[in-house]
Amino acid sequence: MSRVYKKIELVGTSTESFEDAIKVAVERAAKTLKHLLWFEVKELRGAIRDGKVSEFQVVLQVAFRVEEDVE
Amino acid sequence: MSRVYKKIELVGTSTESFEDAIKVAVERAAKTLKHLLWFEVKELRGAIRDGKVSEFQVVLQVAFRVEEDVE
Amino acid sequence: MSRVYKKIELVGTSTESFEDAIKVAVERAAKTLKHLLWFEVKELRGAIRDGKVSEFQVVLQVAFRVEEDVE
Amino acid sequence: MSRVYKKIELVGTSTESFEDAIKVAVERAAKTLKHLLWFEVKELRGAIRDGKVSEFQVVLQVAFRVEEDVE
Amino acid sequence: MSRVYKKIELVGTSTESFEDAIKVAVERAAKTLKHLLWFEVKELRGAIRDGKVSEFQVVLQVAFRVEEDVE
Amino acid sequence: MSRVYKKIELVGTSTESFEDAIKVAVERAAKTLKHLLWFEVKELRGAIRDGKVSEFQVVLQVAFRVEEDVE
Amino acid sequence: MSRVYKKIELVGTSTESFEDAIKVAVERAAKTLKHLLWFEVKELRGAIRDGKVSEFQVVLQVAFRVEEDVE
Amino acid sequence: MSRVYKKIELVGTSTESFEDAIKVAVERAAKTLKHLLWFEVKELRGAIRDGKVSEFQVVLQVAFRVEEDVE
Amino acid sequence: MSRVYKKIELVGTSTESFEDAIKVAVERAAKTLKHLLWFEVKELRGAIRDGKVSEFQVVLQVAFRVEEDVE
Amino acid sequence: MSRVYKKIELVGTSTESFEDAIKVAVERAAKTLKHLLWFEVKELRGAIRDGKVSEFQVVLQVAFRVEEDVE
Amino acid sequence: MSRVYKKIELVGTSTESFEDAIKVAVERAAKTLKHLLWFEVKELRGAIRDGKVSEFQVVLQVAFRVEEDVE
Amino acid sequence: MSRVYKKIELVGTSTESFEDAIKVAVERAAKTLKHLLWFEVKELRGAIRDGKVSEFQVVLQVAFRVEEDVE
C-alpha cells in the first residue's frame, strides 16, 4: 500500500543553539503526533536584547506518516 | 520554558482589498485557535469577471503559540 | 460572505508515476476532509533501489474550503 | 475538450493603492482581450518624489482562456 | 545573423497526465506560431472534485524563433 | 558622468494598510536622505492581537541617488 | 491617466558578449514595438562547441508602454 | 561512523514521459555508481519539433552513499 | 506613532560554530547601534584549510528600531 | 579576533557594459569606505531609448571589513 | 594564469550538530581532493526517531581549486 | 537510444570580464571532458583590491553528454 506523509510547520526557540531549538519543536510535536520521521529547516532567525543574542529561532517543517486519516 | 509556535497556511478573499482578505482569514482562524500572533503573506492573486477585478485573494501563513500540544 | 481556504502539505508516493502519487495523497486526504478544491506541486523526488527508481514521491499542497472553523 | 490559458505580464500604476494599480492594468487588458480569468502579483514597487510616495506599481500576470488561437 | 527567440506563458490542462497537459498547450500554440522549439515547466497544479483529482494543470513557457518581427 | 544609487532596507508599520506602512517608512527615510527615487517591496507581514490584525508591516528597499559619497 | 506597461520575454544571442546579445534582442523588438523603456535579465546561458564558448545567450524581459491596447 | 552522501546533477531524456526520462538517467548512473539512494527533480523541460512535443527532459540530482572516498 | 525599523547586512565569523559567528556580528553591531531587535540568517558558509573547516561564516541581517532618523 | 564584514547594496550604471557599471559603483564606494573586499551581483537590468539599449544597470552588494564600529 | 574552481555537492550527517555534520563531509572529501577552499550550506535537515532528533543532515557544496584537469 | 547529460559546477575567474571568466572555465573543463554542450550562469561575483575591481568571478554549470558511463 502506498504511504502518505504530512508536513506541519513549527517554530522552535532556544537560548542555546539552533539544534536545541529544533529539538524543542520536535519533542513538543512528538507529544501528540506519532510516526515523526524527518524535519526540514526553512528559516533561521533570532531575537536580540540589550545588544546580545537572546534567542535562536528555527522555522522548520516536521513530517510524519499518516496512519489512517489526513487531518 | 522554551516556546513553540505553529504556522498554518490559509487563503483569504475579499472584494475590497488585500488587507480585507487578510482580516477575513485571520478572524476566521481566531474562531478556533487561540494565541494567534503574526501573519506572513506568501502570495497575492485575484479573480477577474467581465473584464474587472472581482476578488482579491491572499495566501498567508498565520502563526500561533502552541499551548500544550502540537496538533 | 467571503470564503476562506486552508492548505495542508502532504507527500504522496507511488511506484508508478508522479500523477499516481498525487492521487494517492489526494484520496487519503479526502477521507477526512471535505471540500478539497485544488493541489499545488512543491517538489518531485523519489527513491532508488538496486540501481532502479523504486518510488516516485510528490510533495504537494492540498487546498480545501473552510466551512465553519479553521483548525 | 481540454482548455488552454495564456498569461501576459503587465505593470499597472496608481497614485492611490496597489489594488487600484491592479484594476488599471486589468481594465486596460480587457479592452482587447476577452475571457480574462485571474491575475497573479509578481512584484510590488513604487516611485518616490520629493520625499513622498508618488506612485504604486504592481507587476502582475493576467491570465485568459485561449479561444481559437494562441498568439 | 544572430537569432532571437520569444517565450510565451501558457497553462495546459488534461484529465490524464502532466505530459498530456503539456501536449495540449503546445499543439494549440502550434496552430498560430511557427518555429516552436522548446518548453520549460514553471508550475504543476491541478483541480480536485468529489475527493478525486479531476484535472492536471501545467504552467509552461513555450519558446519559438522570431522570424521577422517580435510582436 | 555615470550615476550610482544606494538601497537601504526598512520595515514600515501601520494599523491601516500596507500602502500606509510604506509611506511611514519612506517619509521617515526622507528626513535624513535626499534624492529618494523608488522603493521595492520585499515582504508583507503583520501582527495579530486578540484575534484581529493589529498591524501591517512592509519590508521594503528604498533607493536614492548617491551624490558625493557612498556611506 | 495611469500608465500601463507590458513585458515580453525574449532570448538574445551573440558570439561576442552578453551585452551584445541583449542589444540584438532589444533591436529586433524595436522593429515592431514602440515605447520600449527597460529590460530585466532573467538568465545567462550559452552554447559550447569544440570545447569553446560558441554563443552567449540572455533571457530577458523587455518592457514597453501600452498605448491604446494591451494585446 | 557518520555517513556521507554525494549528489550529481544529470539530465535524462525520453520521448515518452518525465518518469521515463528519470529512469533513463538513473539507470545510466547505476552503471558506474553504487549505492544510489534517491533523486530530486530540479527542472522539467522539453523539445518541440513540427509543432509537437518531441522529447521530455528532466534535470535531476542523483544521490549516493560515499563508501571510501569522495571524488 | 508608527514605528520604523532598519535592517543592515553583516557577515560574522567564528572558528567554533554558526551561533558564535552570529554573536560576534551582533555584538560588534551593538557597539554603535542601539535598539537592536532581531536577526535573520541569509547564508551559511565557511572556509576550509588543510582539509579541515577553519571558519564558520554567517551572512545575516540585523534589524533595529529607527529613533529619529533613518541613515 | 573574529572578523566582521558589512554588505551594502548599490546600483551602478554605464553606457558600455555590466562590468563597467560594477566598476563605477565600486569606485564610488571606495571614496568613503575602506577595506572593500568583494561584490555580489543581485540583478542585471537596463534602460532603452529610441529602440536601443541606452544604459546597463547592475544591482550589487559590496562587502567590506568592519574596523572598529558597524554603522 | 586565471584560476578555476570546482564545486561538488555532499550531504554530511551527525548525531551532534550541523557544524559536526559539515566537518564530517569536509574531512571525507579531503581524503581524495586537494585544495579544498570553502563550503556553502544549501539545506539543513534531519531525521527523527522515537520522537527525538536522531540525526542532523547538511547539504553543502564544497569548492576546491582545479589543478590540471577538471574531471 | 535516449541521451543523458551531466552538469558540473565550476567557478571561472578573469581580470577582464564575465565572458572571459566563462571561457577560462569552459576551456579548462574541455581539457578532460568531451562533448561539452552548454553552460548556465548561476552567480556573478568578484574581488576588490585597493578600491578597484580586481577579478570577475562566474559560478556556472557546464553540461556534457554522457557517453558510456556517468562518473
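A, B, C, D, E, F, G, H, I, J, K and L are the chain letters, set down in written order, and residue numbers restart from 1 in every chain.
Simple rule for what comes next: a residue touches a chain if its C-beta (ideal position, glycine included) is under 8 Å from a C-beta of that chain, and two chains touch if they have at least 3 such contacts.
Note that the structure is predicted; figures quoted are calculated from it, not measured.
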For subunit F and subunit G, chains touching each: D, J
Inter-centroid spacing, subunit G versus subunit C (mean Cα positions, whole Å): 38
Euclidean distance of C-alpha centroids - subunit K vs subunit L, Å: 21
Centroid spacing, where centroids are CA-atom means, of subunit C and subunit D in whole angstrom: 30
Shared interface positions of subunit F, touching two or more other chains: 8-9, 17-18, 44
Those chain pairs that satisfy the touch definition: A-B, A-C, A-I, A-K, B-C, B-D, B-F, C-E, C-H, D-E, D-F, D-G, E-G, E-H, F-I, F-J, G-J, G-L, H-K, H-L, I-J, I-K, J-L, K-L
Interface residues, subunit K side, partner subunit A - complex: 16-18, 43-48, 51-53, 56
Subunit G partner contacts - residues on subunit L that touch it in the complex: 17-19, 22-23, 26-27, 30, 36-41, 44, 62
Residue numbers on subunit C that touch subunit B, as the complex places them: 2-9, 61, 63, 66, 68-71
Sites on subunit I touched by subunit J in the complex: 8-15, 20-21, 24-25, 28-29, 31-33, 59
